[in-house]
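As structure tokens, here come the structures.
Next, two complexes with chain A in common: one pairs it with chain B, the other with chain C.
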Partner chain A sequence: MKTEDIKITTILAYITLTFLAFLFIIPFVWVFVEGFASVGNIGFGDFGTFTLSSYYAIFRSKYFVLSIENGLIQSFGGTAVSIVLAIFASYVFSRKRFPLRNALILTVLFFTGFPVFSLLIPMYVFYQNVNLYNTQIGVILVLGVLNLPITIWIMKNSFDQIPKSIERAAMVDGASPYQTIIHVFLPLAFPTIAVLILLDFITNWGNFYVPYILLSSRHLFPIAVYIYTYFGAYSVKYNELAAASVIYMIPTLILYIFAQKYLIKAFSVGGVKG
Partner chain B sequence: MFKAGTLSERKEKNNSVFYIMALIPAFAYLGIFFIYPLVLSVYYSFTNISLLNIDHYRYVGFYNYGRLFASSVFEQSVIITVVFFIFSAILGQMVLGAIVAYVINGTKKIFGTVITLVILMAWATPQVVSGITWYSTLSYFPVGLVNYIITVLGGKPIHFLSYHNALYMIILSNIWIGLGFSVLLFSSAIKNINPSVIKATIVDGAGPFSRFFRVIFPMLKQTILTDLILITLWTLGAFTVVYVLTHGGPADATNILTIYQYHTAFSVFDVGLANTIGVMIILAGVIMSLVYIRVIKIED
Partner chain C sequence: MVWVKLVNINKKFSGTTVLKDMNLEVQDGEFFILLGASGSGKSTTLNIIAGLEKATSGDVLFDDKIVNKLGPVQRGVAMVFQDYALYPHLTVRNNIAFPLKMRKASKEFIEKKVSEVSNVLGLEKYLDRYPRELSGGQAQRVSLGRALVRDPDVFLLDEPLSNLDAKIRSQIRVELKLIQENLGKTFIYVTHDQQEAMSLGDRIAILRHGKLEQVGSPMEVYKDPVNQYVAAFLGEPEINFFELTKNSHMYSSEDLILKGIEAGDSEITAGIRPESIKLKKEKDSDVEIKIKIQTFESFGSYSVIIGKARSGKEVRVRLAEIPEIKPSTEMAMYVPLDEIYLFGKDGERIDKK
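Up next, the complex of A and B:
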């Protein structure tokens, strides 16, 4: 009798989970279907015939292609800034004991989960004053700083795993700390760094409010802002909007499937250990 | 021997210059682009700075704070944010996430992986697109997916994004976005629980529900703490989906604090007050995180 109970709950588990997954897919239905429609409407009444014309049309649009370029420049730029600065800071945190070390680590940890949206408004005023408003580099610097704390945190944890003896061997051979980082730490921590590059890139690519608040020229908009302004425009061609959305989300979804396995390790903040 | 000592001493000294030089860029950068705006945010909250003229402003003391606490819009926004937070983050993401992860743990591995991937797709989707997908799903006019199904089945279309329903819809969309992360976090934690403990409870005759709440839930303290802090801060800072889906409307029905702050700065141009709201959001995040850490004591 007991085993029968367990069997029923197991079957129930499969049914419930399948149903849940089904519910999660529902919101995606429209973007994927509408992108292939010949009639631009948001409803489900009339899609016209199946066609690739909306994909063709958006790639002929100068601003859409430009927005992909801008999105790539800003996302990669921000990622590069966070990763490079994090490598050196993480090395010092992982290997050296010095006064203020714990205070600095706690600062980094605190910023990791900071509600950063609220900083964008003082940032806007600050950027107006220093002429960084409405520049690519301005957006890159903010995207970079938002990811820096978590990047340092994860990279430090990964450097902590590298045995001291390997490092000491390099030092005995006369390697400077800089050479040790480049020739010992980077190759050994490469898998983590690769995942961090992926995660930082995905975060930047998906960020909407940083470029939305800090940019005003259409030719600088990344794809996130482009799609939003297109969505808010007076007469929207919904089939093109859907096609653009699909193009925008596909890279993230694919990268996520790769990064998924490591995601949890990345976020296992754990205790603040020595 | 002596000579070798001084050599390595000198080397160590050179190295400490390197260590300092390695830390300075990261912290100078954090200082200028993170801490400085944070300080500015507090500073501006005590001034009457306006976007119409950002160069001329003066110190006004607690004037903005007084105005904010007397404002009924702020009061309503706080209530909306609290409801949004409790239902979408605590119940919809953390509790539901833990339960879903537990249920997934009892199924075949490949099945569980597929389900997790599907749920996680929502988390991975760029939020502007999430806003658009939810709009297309819920729209009343033009007819969105759900209303289309309702009409085909012979029902009357529902105005999902109306004044009375919109708050439920942003809660739903935030659950949709965040559930995957909590499921992933709890899945890996549940996998790490020693299976013999679970087997022992089965032998003892505990049903799946009491097993979950009495045995497994308490073993997940560290995960719960991590999850709570992250989803709290993310939900407090949530902006994009709500902004795209409802713009805080209709008639402020979904005016969560971030949206309120945004409109105060960029529609009313009142940067002083906007920063006061920002300070409130930051304080709420910090205080709640500290409370969690206090309440859920972790033995290390």
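Up next, the complex of A and C:
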């Protein structure tokens, strides 16, 4: 009886997992194959012959190349804003005691789950008034602030694990709070910070609404927005769209490879204790 | 040349008093011990001296100068932490160099200092290791090295040997004492181990629930404890206590009788150190106790008899020789009258000599 039960559940699990795997893999396979196809279509119909012409075509467009550049600038810029601000905020939250500290921490926690996109329209109006509308720096600031709560939350938790006596040792050794952050907290929390850089970048790289609402000039669009221009009014060039999508995935993949080491560390032991 | 003084220090943590009216003076170049049970406020005292923690009220003085508002660096203190607190991401070399790097010393100077200190502590072989690759004793030495490299006026050590096994502990204890004597610097050393305190300290301060019970040289506090707590805290095996009640002109219990003692309280406690109890009567005034031998432990150079007095109270007797005795026999033993401490009902000593 028992072994049969186990067998049935195991088989069911495998079937479900295989099904799910297919669901996830099929779009990848299609995108990859379609990018090299001579015929633009959806689904696994007639791909025509193998060709690089879709890739030639998209890279001939000045705006596509610009959109990669813009995407990198805005995503990394936003990530830098989140990380740098979070380092100082997390240090203060983790180590200092001050009035309203708990209230502020709860506020941060609240904003990690807040549907911030509901603020984008007021943001749009505000930006037009302060001349940040349709600027790279405007997008960078909003992206940075959007990721700030969750970044602070995770980084604070990792700072919390650094023993108090190590901080006190640094103080006795003559390190200023700033030096303590640079020489003690950052290296010890580095696995977590590397993972946060990855997560923030991916979120920013995939963010469509913020640049879409806060930018109007084509030459400022990041790739997340630009990719939608392949959906023309009358026809869609699916093979070019697929080629652009493949390019769109590359930075994320590269970052994953770099951060892999730290991903494992950060998710195993908390990564701090030597 | 630095002496450290605490004047009327009080410390509260969110309402609970941890230190009460503490007054303390540590002389320049002294090996000073803060001794107390867990939770008695030793670390808190040390942190206040270091400038890592602020007293709720009272003053900390270094050489007549009030330093309440100064940080550890301005006070010129170095500290060795109970858990070593080494930087896990730095090699031994960089751990030791850290304080110098923070003050932007030159590369050559740092190199010279690090090799000097690692020489003294025998750490040359470990300079390129990370803290997780060190044994407890080695980590302890690195932690000490990090303190030494700065050339501070005052060293603060918070139970630095508590994580080590007995053998390394006594070895490092000797090394520490030698280092302190060579440097001639002030050491303030926290421990809960009375043996460590007795063997290292020029003077010992005994702390209980945030109050200083007694300060003095190891022999002073051992030979002349001001109260029952101090008497019980020092000494191995522990001192024996007997409760006595007043009977016209003497104090007595089932176990012993003390004559010719004048005290206000009707009930007092007599404290007798295990080594004060002898097998032979030496003077007429010696006090007799009948003890039924239960067992004895031999430590080579001395042995300890564990027995029961008439009242059933357990008594320990420390003897230099290994006695020829059989368990379950009752023996008369003798204590010189002037080696008996008397404590009043409140635990304070009443036979001050």
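Couple of notes before you dig in:
FYI, the second predicted complex is superposed on the first by the 234 of 274 C-alpha atoms of A that agree within 3 Å, B and C clash if a C-alpha of one lies under 4 Å from a C-alpha of the other, contacts with A are read in each partner's own complex, and residues count from 1 in each chain.
Criterion: a residue touches a chain if its C-beta (ideal position, glycine included) is under 8 Å from a C-beta of that chain, and two chains touch if they have at least 3 such contacts.
Since the model is a prediction, treat every value here as computed from it, not as a measurement.
One of chain B and chain C touches more residues of chain A, and that partner is B.
Contacts of A:Phe98 after superposition on the shared chain: chain B is touched, whereas chain C is not.
Of the two partner chains placed around the shared chain by superposition, neither chain B nor chain C is touched by A:Ser216. After overlaying the two complexes on the shared chain, residue contacts for A:Val145 are found with chain B alone; chain C is out of touch. Looking at the shared chain after the overlay, A:Ile202 reaches chain B, while chain C stays out of its contact range. Judged by the touch definition given at the top, the superposed model places A:Gln161 against neither chain B nor chain C. Judged by the touch definition given at the top, the superposed model places A:Ala169 against chain C, while chain B stays out of reach. Contact with chain B, but none with chain C, is seen for A:Val29 once the two complexes are overlaid on the shared chain. Comparing the two complexes, residues 273 of chain A contact chain B in one case and chain C in the other. Against chain A, the residues of chain B that register as touching in their complex are 14-15, 18-19, 22-23, 25-27, 29-30, 33-34, 36-38, 40-41, 44, 49, 54, 100, 103-104, 106-107, 111, 114-122, 124-137, 139, 142-146, 148, 176, 179, 181, 184-185, 188, 205, 207-208, 222, 226, 229-230, 233-234, 236-237, 239-240, 243-244, 258, 261-262, 265-266, 271, 274-275, 277-279, 281-282, 285, 289, 298, 300. Across the complex, chain C meets chain A through its residues 47, 50, 52, 71-73, 77-79, 81-83, 85-89, 98-99, 101-103, 130-132, 146, 150. In the complex of the two chains, the chain A residues touching chain B come out as 2, 5, 9-10, 13-14, 16-18, 20-21, 24-31, 34, 41-45, 81, 85-86, 88-89, 91-92, 96, 98, 104, 107, 111, 113-119, 121-126, 128-129, 141-142, 144-145, 148-149, 152, 176-178, 202, 205-206, 208-209, 213, 224, 227-228, 231, 238, 241-242, 245, 248-249, 252-253, 256-257, 260, 263-264, 267-271, 273.
Within the complex, the chain A residues that touch chain C are 163, 165-166, 168-175, 179, 183-184, 187-188, 272-274.
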